[in-house]
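Starting off with a structure, shown below.
Order of writing sets the labels: A, B, C, D and E. Residues in every chain begin at 1.
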Amino acid sequence: MAEASAQNDENHKKAAHGLRLVSRSTHLKEAGLRNLFLLCAFVAVLGVALIFLFVGWRGWSIFSTYGVGAFLGGAEWDPIDGIYGILPLIYGSLVVMGGALALGTPLAVGTAIFLSEIASPRVRSIVRPAVELLAGIPSVIFGFFGLLILRPFIASTSGGLGFGAATAWIILAIMIVPTIATLTEDALGSIQPGIREASYAMGATTWQTVYKVLVPAAKIGIIDAIILGMGRAIGETMAVLMVVGNAPVFPDSVTDPIATLTTQIVIDMPYATGDHRTALFGMAIILFIVSMGLVAAVRLISRLQSAMEANR
Amino acid sequence: SSSGASSAEIIVTGSTTILPIAEIAAEDFTDQHPGTRVLVSGVGSSAGIESVTRGSSDIGTSSRDLKPAEEELGLIDTPIAIDSIAVIVHPSNPVDALTSEQVRQIFSGEITNWSEVGGEDREIGLVNRDEASGTREAFHKIVMGDSKFDRSAAVLPGTGQVRSVVANAEIAVGYISLGFATSDVKVLAIDGVVPTPETVRSGEYPIQRTLHFFTDGEPTGLALEYIDFILSEEVQEGVVRDAGFLPIPREGD
Amino acid sequence: MTRMPAPIVSPTPAAPAPDGPDKITVKGLEFYYGDFHALTDVTVPIKSTAVTAFIGPSGCGKSTFIRCFNRMNDLIPGTRLEGKVTLDGQDIYAPGVDPVDLRRRVGMIFQQPNPFPMSIYDNVAFGPRLHGITKKSELDDLVRDSLDRANLWKEVKDILGRGGLTLSGGQQQRLCIARVLAVQPEVLLMDEPCSAIDPTSVQKIEDLMAVLKESITIIIVTHNMQQAARVSDFTAFFLQEVAGEAAVLVEYDRTTNVFTSPRDKRTEDYITGRFG
Amino acid sequence: MSKRIANQIALALLWTSALTTVAVLFAVILYVVVNGIGQLSLGFIFTWPRGVNAEGGVWPTIVSTLYVTALAMVIVTPIAILAAVYLAEYAVQGRLVSIIRCAADTLASVPSIVMGLFGLALFVEAAHIGFSMLSAALALTFLMLPIVMRTTEEAIRAVPKYIRWGSYGLGATKWQTVRRTVLPAAMPRILTGLILATGRAVGETAVVIYTMGQAINMPVSPLDSGRPMTVHLYLLAMEGINLPAAYGTALLLMIMILGFNLSARYLLRRTRKV
Amino acid sequence: MTRMPAPIVSPTPAAPAPDGPDKITVKGLEFYYGDFHALTDVTVPIKSTAVTAFIGPSGCGKSTFIRCFNRMNDLIPGTRLEGKVTLDGQDIYAPGVDPVDLRRRVGMIFQQPNPFPMSIYDNVAFGPRLHGITKKSELDDLVRDSLDRANLWKEVKDILGRGGLTLSGGQQQRLCIARVLAVQPEVLLMDEPCSAIDPTSVQKIEDLMAVLKESITIIIVTHNMQQAARVSDFTAFFLQEVAGEAAVLVEYDRTTNVFTSPRDKRTEDYITGRFG
């Protein structure tokens, strides 16, 4: 007891020093670091601004000199003659993206549901890495694969050249599967586990649980995933370039050559000068705006979602 | 070889078609002549001719003949290779020969079915090269004249791909440098002439052009040595053939 | 050092439970999560139309055990069960038994109220729809009836279209009960149904249990010993004596006996709060 | 009983989609391996391409790829990690943070061809850096920044808040807490993110094609140009004359990228166990 | 319907606590999480060198309150505090007061043992190093001494280099205590320090508290009323009566009084387990 009270006294003595105030140097140091970190975080903002500025700077004049309507609405792309209508390219991008989504989404969502709801840990430990590795394979290798394996196959089944939207759909569908599947799996995984349990406990089968409870509950996340897959599809360049055939026209069939915004940029860039080059940068502006629009859509949807939840 | 030319430098500017030959030859050349430098750049034939005229380069390379206006500049022409373009189809295609006019009509989209040129009743699958390609440029100039290429043709940025696409699509037609034509595609006779080294050299085969080096006056010093190197059997049978061109006929031939 | 003797809980004997037949029996049950042996040698009867409470310290396997009754553990990969569990005399783990159908008969309520993210009506109609009832009038009746039995009808009858998640925690839990009642289960499993809700709601749910047990068999897991003493007729006490080893059923008896004269020293220690 | 049949059919379809995904992966890998394995040799890896049709090896393209990737990592790592520290530890939810997040999301979704043209316009031309490792690395930096930022932020957020509290509770300042407890605890996952971003950079084509040039060159200084493996593969594949070299390059590229991915997975698994 | 009367906890009076001066005083404290008013009008003294226990149902703001003593709530954005908290008579929320230094003097132990992912030695040396001690011998002494006071030295003296996370839960918690003791705090805040660990370790930590409180002031949050009764000298009971409204301090007194003759009906209801 005596010893304890001795220590007691000591504590009281220490207390006599009183509460220390924040020292100036600590304050400056912490504030300095904080601002440094903020600066780093701002590099992302800087990046977006720079892209907008420089791509815009190079491409903007096509809209003013050539005319927005003629550029976006023109049905002919013939740079040799100074005709820069990109409607066929926009059409090509949309067709290629649409088909890839139609093929890839069920595959991806199915894979995600499989991973999160059905696979045993063993099977999952094979399938999930496979999906992740698929995401890591460079697009030029998919293009290579598409060019040398898929195109001849399509050629022999369709009797055509094998280039065209159909070939791009398959390659691109494969490429967007990891994007959509991973995000969908996240969305399914973030559903409160109790809901899943409750459904099974009510006597629902796995499939009933999936489509009556889980998919509705993860709806927003799945839509986000598809939108991001869309962005990936519309921005993909090298793989598509190697399999579409690069004809800037409205094709007669899905096995006829077609071109997209991205592929036309790569095909033309080596020799483009003057207005032609400006037009290619103009196409880049459009791609940039589209990708920004998709990001905005995702954010908007999430915001609507949380607003709805707040209202409930 | 004169070692006196060492530590000298020449500039070679012009045709992108010639760029690969000129560049690779330059590497080999400088390997054999240490201390020399050969700077090669591809900016297009016209720019090459202009730059040698202005004196900003020692050799101007061109994949076309001189225009009348340029002929008055007094440039010395050294042909270095022949670029001959073969029109190719699938081996099973019954069509063996076309006229230049038919080829033009096919590639401009006026003829769209093989039956119109004596083949089966099938669509024609056009395979074109990208616009940056020298082969396309030459083909356009020699065959197409004022006609435009059909824009719905597949555009491939590489010779080998054109060949392999034609090799396994029965409806396809394309064109590549003669030197790259192999037995998995059928080379068509044009205006009744089958392209062979002989018919090309004799000038009977119509789709061909000569690749030139132009110098302002007789080449001397390192430029002469480099040109001689290009014309040597080593380069003619090696690099030139590898690039799909035909060697220039040698004086002894 | 100040130390008070541990306080002793002293309930008065409960009114005798309607000592019906065994609704469920468990014989020599062993349960494994992969390599981890969670429960060993559990043999216990569950009396029909009565409330049986499972108590024990955290991690002793109460949840694991209760989930054996509707084969919810089947959903966790790598689990293994030995021994025999019967419902009305039938082995529920026999080959060919459909767990989906079993779960309809043995309903379950969880610790966290977990309404589906849909309207109150759809929540309750979910089960009947699963099992093929689609007629509107029939569903309407079922929904009203189930909400009524769950003591929630009065509070929600005008807002059936509102999201189930907009209700308060206690209401959500009663909604979950209504949802289960709508499929007319014979057994109701409740895994700590009151630990996440407010005192007033707890009262309501305890009252509800007292009514429900007249028609169905109820099993409740609770960490609140006063609650076990208040609501149950029978009590089973589980204990994992050594961390990492399988838990055992230490004592099973009428609740009155367990709380007033436990046969096992460990039960007494636990009930009097000497650990846990 | 129909619900049971529906269930069976649905399960079969789900299995099919998962197996398709796996099968595709193996098909692509198998295809590249089978065709490329015969090409792989020390000679192929360590010699220069020769002649018009790039006979010989791919050594300068490997060096260019590694060079530009390393350079990009050196630039992006500190910026991305500190930015993530800001977002995860310092930022107060508000306008500023949502602008930064929005920018990062946008950056992450910019098509790589646009990023390539941007690099061309800004670094190669406007800044007069020319076709070079540095231009390509800077353009790649913007590509990788959001990836590394996000994985790092997630890694930092995954550190249990209890660990932070422990540190604060002992009288640590914010920076002491971040540097001594949070970052070390998050480091394995941060590394994983870095490795994955590296894999992404190695496989990138469209960005580097317009910023590094295409000429085969052995880069020494950051201002040298070069041709990375992806561009080499693209040119070989499209030229279509020397396909064996294309297969060999594809296989090397694939080995590098799978190597990065697998090591990232390994790292993550090992740290999960501890 | 079977219902037993709620059991009554009946502790014997505790030995009188060393009724020292007030180490900490709280006057008219109001606490807000953004718009949510979590605590209202709390006025309470914390006696020096004694154990004060905070009890109350889940969500009543015990953790919130205990975090006011070392300004941990500062770390949660959007929180606001009104009223006055003094340590040795000085307002700890006065402008300019360094919360970092305050936290060194007022140590804290959390519900979840949270050793840093580094060696046992480094865990304990972490605090001293932060505050500028770098001499190896000095650190060695501090580490040994702190581990010794936390009753862990014997168990870990040969494995000081092993990762702190390799220890068992109970050892981890004692490691965390050692880690705090190494910075020689005057007050020790413990937020449910025993709820995540095994019974044997609980015993050890309770013994430890009895020793520690001879030299330092201890505040403990616990949901285990038996534990509160066993270890504390003073007890404060908090209650949030209406969900969504601010919680209040219902009763504060010597522990013996609170458990044997609570002045407030709500305290009695809680202690006897009628809710919570």
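Here, contacts are C-beta pairs under 8 Å (C-beta built on N, C-alpha and C of every residue); 3 or more make two chains touch, one makes a residue touch a chain.
Worth saying up front: this structure is predicted, and the values here are computed from it rather than measured.
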Seminar exercise, completed: Those chains that touch chain E and also touch chain A are C, D
Exercise. Suppose you hop from chain B to any chain it touches, then on again the same way; how many hops at least until you reach chain E?
Worked result: 2
Seminar exercise, completed: Chain centres computed over CA atoms; the one at greatest distance from chain D is chain C
Exercise. Could you state the distance in Å from the CA-based centre of chain A to that of chain C?
Worked result: 45
Problem set entry | Centroid distance [mean C-alpha coordinates] between chain C and chain B, Å | 85
Exercise. Could you state the distance in Å from the CA-based centre of chain D to that of chain E?
Worked result: 47
Exercise. Where does chain D touch two or more other chains at once, residue-wise?
Worked result: 3-4, 173, 237-238, 243
Exercise. Which residue numbers or ranges of chain C touch two or more of the other chains?
Worked result: 100, 130
Problem set entry | Touching two or more other chains - residue numbers and ranges from chain B | 156-157, 161
For this session: Flag every residue of chain C that touches chain E in the complex, lowest number first.
Result: 1-15, 17, 51, 57, 168-169, 195, 198-199, 202-203, 210-211, 224-227, 229-233, 243, 255-256, 259, 272-276
Exercise. Quick one: in the complex, what on chain A touches chain B?
Worked result: 76-81, 147, 151-152, 155-156, 159-163, 245-249, 251, 256-257, 259, 267-268, 270-271
For this session: Report the residues of chain E in contact with chain A in the complex, numbered from low to high.
Result: 48-49, 87-88, 90, 92, 94, 96-98, 100-102, 105, 186, 214-216
Problem set entry | Complex contact set, residues of chain D against chain E | 92-93, 160, 162-173, 176, 180-181, 184-185, 274
For this session: State the interface residues of chain E toward chain D in the complex, per the touch definition above.
Result: 70, 72, 75, 77, 100-105, 107-108, 110, 112, 114-118, 126-127, 130-131, 163, 165, 176, 179-180, 183
